[in-house]
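Below, each structure is written out as structure tokens.
Shared between the two complexes below is chain A, which pairs with chain B and chain C, respectively.
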Partner chain A sequence: MGMNMKKWLSAMLIGTMLIALIGCGNSTVNEGTAGGDDQQPVEQEEETGSVEESQQPEGSEAEGLSGELNIWSSGEELGRFVSGFNQVYPDIKVNITVIPNADFLAKLTPVMSSGQGAPDIFTGESDYVKYLVESPFWEDLRGEPYNIEQYTDGIWPYVVSVGTDSAGAIKALSWQASPGSVLYRRDLAQQVFGTSDPEAVGALLASNDKMLEAAATLKENGIAMFASWQDILNMQFSNRQTAWVEEDKLIIDESMLDFMDMAKTIYESGYDLNVDPWSPEWSAAVESDNTFCYVLPSWGYQFVVKPAANVTMGQWGLAQGPVPYVKGGTWFGIYKDSPQKEAAWKFMEYVALNAEAQQSYAVEYGEYVSLKEADQALAAAEGEEVLGGQNLFEFYNDQMGKIESDLMTPYDGQINNAFLAAVKVYANGTMDKDAALAQFKNDVATQYPDLIIE
Partner chain B sequence: MNKNCYGEGRVLCLPFTVCFISWESAPMIQNRCAATRGTKAALPKIFARVSARSALLFQKGMGISMKKKAFHKQFYGYLFISPFFIIFLIFGLYPIVSTALLSMQKWDGMLPPDFNGIDNYARLITDTTFFRSVGNTIRIWLFNFIPQMAIALLLAALFTFNRVRGMILFRAAFYMPNLITAASVGLMFNLLFNGGKSAVNHLLLMTGIIDTPIYFFESPFFTSSLVSYIQWWMWFGYTTIIVMTGMASIDTQVYEAAMVDGASKRKTFFAITLPLIRPTLIYMTITSIIGGMQIFDVPATLTNGTGEPQKSILTTAMYIYIQAFRSHNLGYASAVSMGLFLMIALLSMVSFRLLRRKEEG
Partner chain C sequence: MYRENSAKRVSGKIGKIFPLAFMYLFLTLLLLICVLPFLLVLINSTHTSIDIVTRLNLTFGTALSENYEKMQSSVNIWQGFGNSLMISVPFTALTGYFSALTAYGFSKYRFKGNKVLFWVVLFSMMLPSQLSIIGFYQLNLKLSLLNSFLPFILPGMANATAVFFLKGMIEQSIPDSLIEAGRIEGSSEIHIFNRLILPCIMPGVATMCIFNFVSSWNNYLGPLVIMTDNAKFPMPVMIAMIKGLYQTNYGALYLAIAISVVPIIIVYIFLSRYIISGLTLGAEK
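Up next is the complex of A and B:
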């Protein structure tokens, strides 16, 4: 009896451990396929997959192309193309794993270095896309069978420029582009400046000095010009002559130094709400009666203003600030050792080069897309209700046409953060300008010891 | 993330599966051959083969001699403790060794690493940000640990030596914050204090205590204190319970003897209770140091991973994360980890010595 009890007890112990271990394995599988709503039909396909494979219908459009693509994405967007893609290539099963942006590189790094469990396609957000473009893990799309160069004329040059490495290899593309704007309130503009027209408002904001003048006027009327001065950085990065790093040397552009003073003026004069971007009050300012504008690119309209504008429906407008700019965006490329490059390319082609697919995507989700043809077609359509009838594609097309190349470096994400921290302490008076700059340089040196900092 | 992980999971399971099945089926085969045949047929082929083979081994081993039986008991003993060692070797020792090796390399995590000797360590001992992060970590820990111990001792003594009405309820309420994940707590406090229109500012403005909103997170002192407070709030209930168990285990005869000798309540507490729960206190101190030196989640979620303002709550663990996964210096991050490891070892040893010496003295 005693022996039996012991036996059962130990069996149970080991059994529990087994379950725990198997449990681990299972949960990772679930995580792997938890891509979003689009997974439902795809998953059903898997069950019948073996049957279909054995008696594949001949002469379908996807001749011979079947397989399973594993995609790692930092957002949900790529998943939205899957159902359309599967109508053309029903035998290519697409698994999208969404990994939050903050953890993306931490998850990607180990699989890239070991080569095990690597996805066939993975994304890169603007903060670190250049880092990935310069590393050897994305396939160069210039060669066979991609021959990307025959398509690049149809893509906005900025998008291609970001996906191109320093040696000229084109490694990543995007389905989107994120041109910038000053998203302003028409009613408040009418009330204070006597005009709500985007061109006229744009003229009032044509330089940093003019923006501060406008802010002073608004302040007299009890209106804060900006939700947060930090938003202006989105635009200021395009106001530079040089990128942060050139030839391994940290360069602080003159305009960045000027911006520090501008931020201080805004902070001290109360021209903004003094909140951090993405804080609840920052988002709530969409429906306020005392906040004039957000300096945000297309995603700002899509995720911040458009979903929240109810009372202020029709009261928003897009104007150009001192400079046209692009900020943010997600690129994607094919893993160089993917066993399914052909299928991966078909997916990439569908998402990044198929104007029809992009156009319907843009219509459904209100996102600005990377192909000129799609954006131009949409510019002819009706405008946005939230924007009082202004056509955002028309506005953004004009902006994209003015931006030929990018000032991105592999170090941008961290340097931008360090710079923002330095501007903050200078603006709120904790440090003087020299101390703030010294802190900034020290931060960059700590994080990138190989850079030359003077 | 996908099938491969599942594969790895399966590989890990395999040794245990084999152990389990072979060990479970061996006696069965021996005793009830007929029944086993049925079971065997039901088992997957590989396992059946494995179990059959091990059954043979067992049959050989299961002699009548006592000596061999003793060997078998020992064998079972090793078998049962093996899971811990296997898991420790894979998830404990291997990462430590690999970190130590990595700390002598320059590696961005993707391209092949370069061996660079003690460069990382040379950089470490001159890295002001590292020492600042260590200082932050120790400060946050001290301002959390001292009040935590004081309150825990007080509450534990209160609950143990007095009949407090609703004691179970209080104990549960004090323990509750420990059940919330640290990340949620960090975000919750962020919502309470961040910005001019935060909940706390709203309350203060409404009640007329202040006229203009306070920007709490611009103050390094406030932010650092807040982290200490959150840590205290999350852990004092747990500490109280552990200290209470320590106090409850003291023999009541000792107290009776003290009472007979006419010792005051205070005297009893300091001369009897405290010395007798010293092992508990040592345990609490050392686990708290180890946990406190690695603090990451609350300061990270409170400040979006940056440790601002002015790096006042940048802890060493956060610095390691930033170096490794934001700046891609995995080699250097490993060196920082080794630095942290040494620091924890040193602090644990010092506190252990200090508490022990008192006991001997």
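Up next is the complex of A and C:
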């Protein structure tokens, strides 16, 4: 009897624990992938609403132009605007918390669902900005007091289009735009192709086939064309006709399949350094004498080439590859339940809509900015020393003019990574093309069970 | 005869010297393998970012103060250091004491449900902490413990791994006669544990303390999700903050890591004495 009781007890305990475990697991999965859940937004609104009420007295909303703004940013760039902002609004204190990009959503998700300790402004990286834009976290900027629509003509259309959700609400803006380029070495181009002119080099790279031809020529001269073939993906994503997901269906564009073969050719022929982007060897290739180019957008110049170029100062050039492209960038918006929306909007206005502020920022950090007016003014100024006098704003303005809309989806970050992994295993011969594609589809299905995958 | 003897003695000496030399060589190599990464962190913390990514540095550089300023400009590392200590020290103390107490109860007291409850403890060991992070957040939200150190200190009282480890140790090395002796002397139960049992299993407790101190010191995801107040962030979160998005200040990063490694090394140095002296220690000699 006693023994039986014990057995029963332990069985029941284990049973309860299992149920508890399953319960836990479910709720975690739900909140983690919050993608298109119907119940969640409602729940959030209720919770955040009550929290806001309790916080309201603390906020100094009445004074309007004073207070303390809390900003979560995945990079340090927003912090560079603060001192300029404080000259105009000395009573608004800006606290910026830099949260590592990889963990940004992990930190944001629970705070958004509770509303407690939520920032007034937070950023969204290109990998997941569309997810945030489609979620009900950011304030719609079309209404009072923002009236964003009167300013949008001055911003590059691509930037606005990324910050606009499927219902047309404009929720996020950016201080930057990230048009693409092929950053190449003028001296090596002169040596191998007999010209260092951006137009002429661009003509040599006008299609994927031509790029491979150029790579073969460089290889004969002992030069690797690319630092890493993975960089080319930045550009290839703009070479697509369709986005990854349309009407909840995963679509693999024809150009993506072609790129798999291109990557394999580069890998097998040794046209790159066979390193991963952001590895030390990859960064060091800026100062090498055997690497021809990086396929990187404007931030690649700002963060990779410009700070490292000493010996190669003046030896860099910007050319267009097979297609004009944009890749990356950071957007930011106002939390919809922020008690200090007005002050937050003043900051946003200063960063994203003040041409003067953007211009001085661009001059200091070499970053391409989101306002047409600022970029056009800078295009008239002197060129960059690192680029042998070429004016990067002039170059990028031209590129931005060729890009209208975007192919971004809320799923991009994860799908891009899964695709990169598939191209890697195909390029290095671990898997054949079908197996790599099957793995890719499988990865996407695991991440987003709701998508239709054929 | 005499010659033969001395020859034998010499060859005997060589026979002894050779393995000894080999042993020293081997140990020196091992030492190098263990120390070199730390040394490289220290060395790299005195170089600029560009130097770090472009070449292997084996001598100390001159960029220490520059790195320090860069590091301090993004975050106040000493505040993080203090926060980490405020979390890790009480956490470790709680883990050591309460795990030993629980393990003692499980191994020496016969009561109904002993086995079942021990199973429950073991079962909680199998849940990865990442799984429960959102539930953990909700719990602390309801308890109003966000932005507090308590969520990272109090769970130290219930540490399944340490209980499991110490239970085995108590069963093996503490004879019932020791407890009986205490009772005969008229000591209370808690007194027996504090005065008799705990000192005997100190080596095991110290081992667990090392592991738990390190894991608490390195805890990153928990504080990142639970805390929103910059001034409360512990070291690992601060270090992650120093890493800019694209631009990585390797020099400042290495310096911060070098600073964060120091307490761990100190804890190892102090507690490892207990482990070594304690491995052979038994209560009943």
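Methods note: the second predicted complex is superposed on the first by the 390 of 454 C-alpha atoms of A that agree within 3 Å, B and C clash if a C-alpha of one lies under 4 Å from a C-alpha of the other, contacts with A are read in each partner's own complex, and residues count from 1 in each chain.
Just so we're on the same page, a contact is a pair of C-beta atoms (placed from the backbone, for glycine too) under 8 Å apart; a residue touches a chain by one contact, two chains touch by 3 or more.
Treat the numbers as computed from the prediction; the structure is a model and nothing was measured.
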item	value
Touched partner set for A:N95, first chain B, second chain C, both or neither	both
Partner chain in contact with A:T109 - chain B first, chain C second, else both or neither	both
Which partner reaches more residues of chain A (counting touched residues only), chain B or chain C	B
Contacts of A:G222 with chain B and chain C, given as first, second, both or neither	neither
Chain B and chain C contact sites that coincide on chain A, given as residue numbers	10, 13-14, 17, 21, 24-25, 28, 31-32, 70, 95, 97, 99, 106-107, 109-111, 116-117, 119, 280
Residues of chain A defined as touching chain B within the complex	10-11, 13-15, 17-18, 21-22, 24-26, 28-29, 31-33, 70, 72, 95, 97, 99, 102, 105-107, 109-113, 116-117, 119, 131, 135-137, 273-276, 279-281, 413-414, 417, 421, 424-425, 428, 430, 439, 442-443, 446-449
List of chain C residues in touch with chain A within their complex	50, 52-54, 74, 113, 115-116, 119-120, 123, 127, 131-135, 137-138, 141, 146-147, 221, 224-225, 228-230, 240-241, 243-247
Residues on chain B engaged by chain A in the complex (per definition of touch)	1-6, 8-10, 12-13, 16-17, 19-20, 24, 80, 83, 108-111, 123, 127-129, 191, 194-197, 215, 218, 305-306, 308-310, 322-330, 332
Chain A - residues contacting chain C, complex	6, 9-10, 13-14, 17, 21, 24-25, 27-28, 31-32, 70, 74-77, 95, 97-101, 103, 106-107, 109-111, 114, 116-117, 119, 125, 280, 283-284, 287, 299, 302-304, 307-308, 330
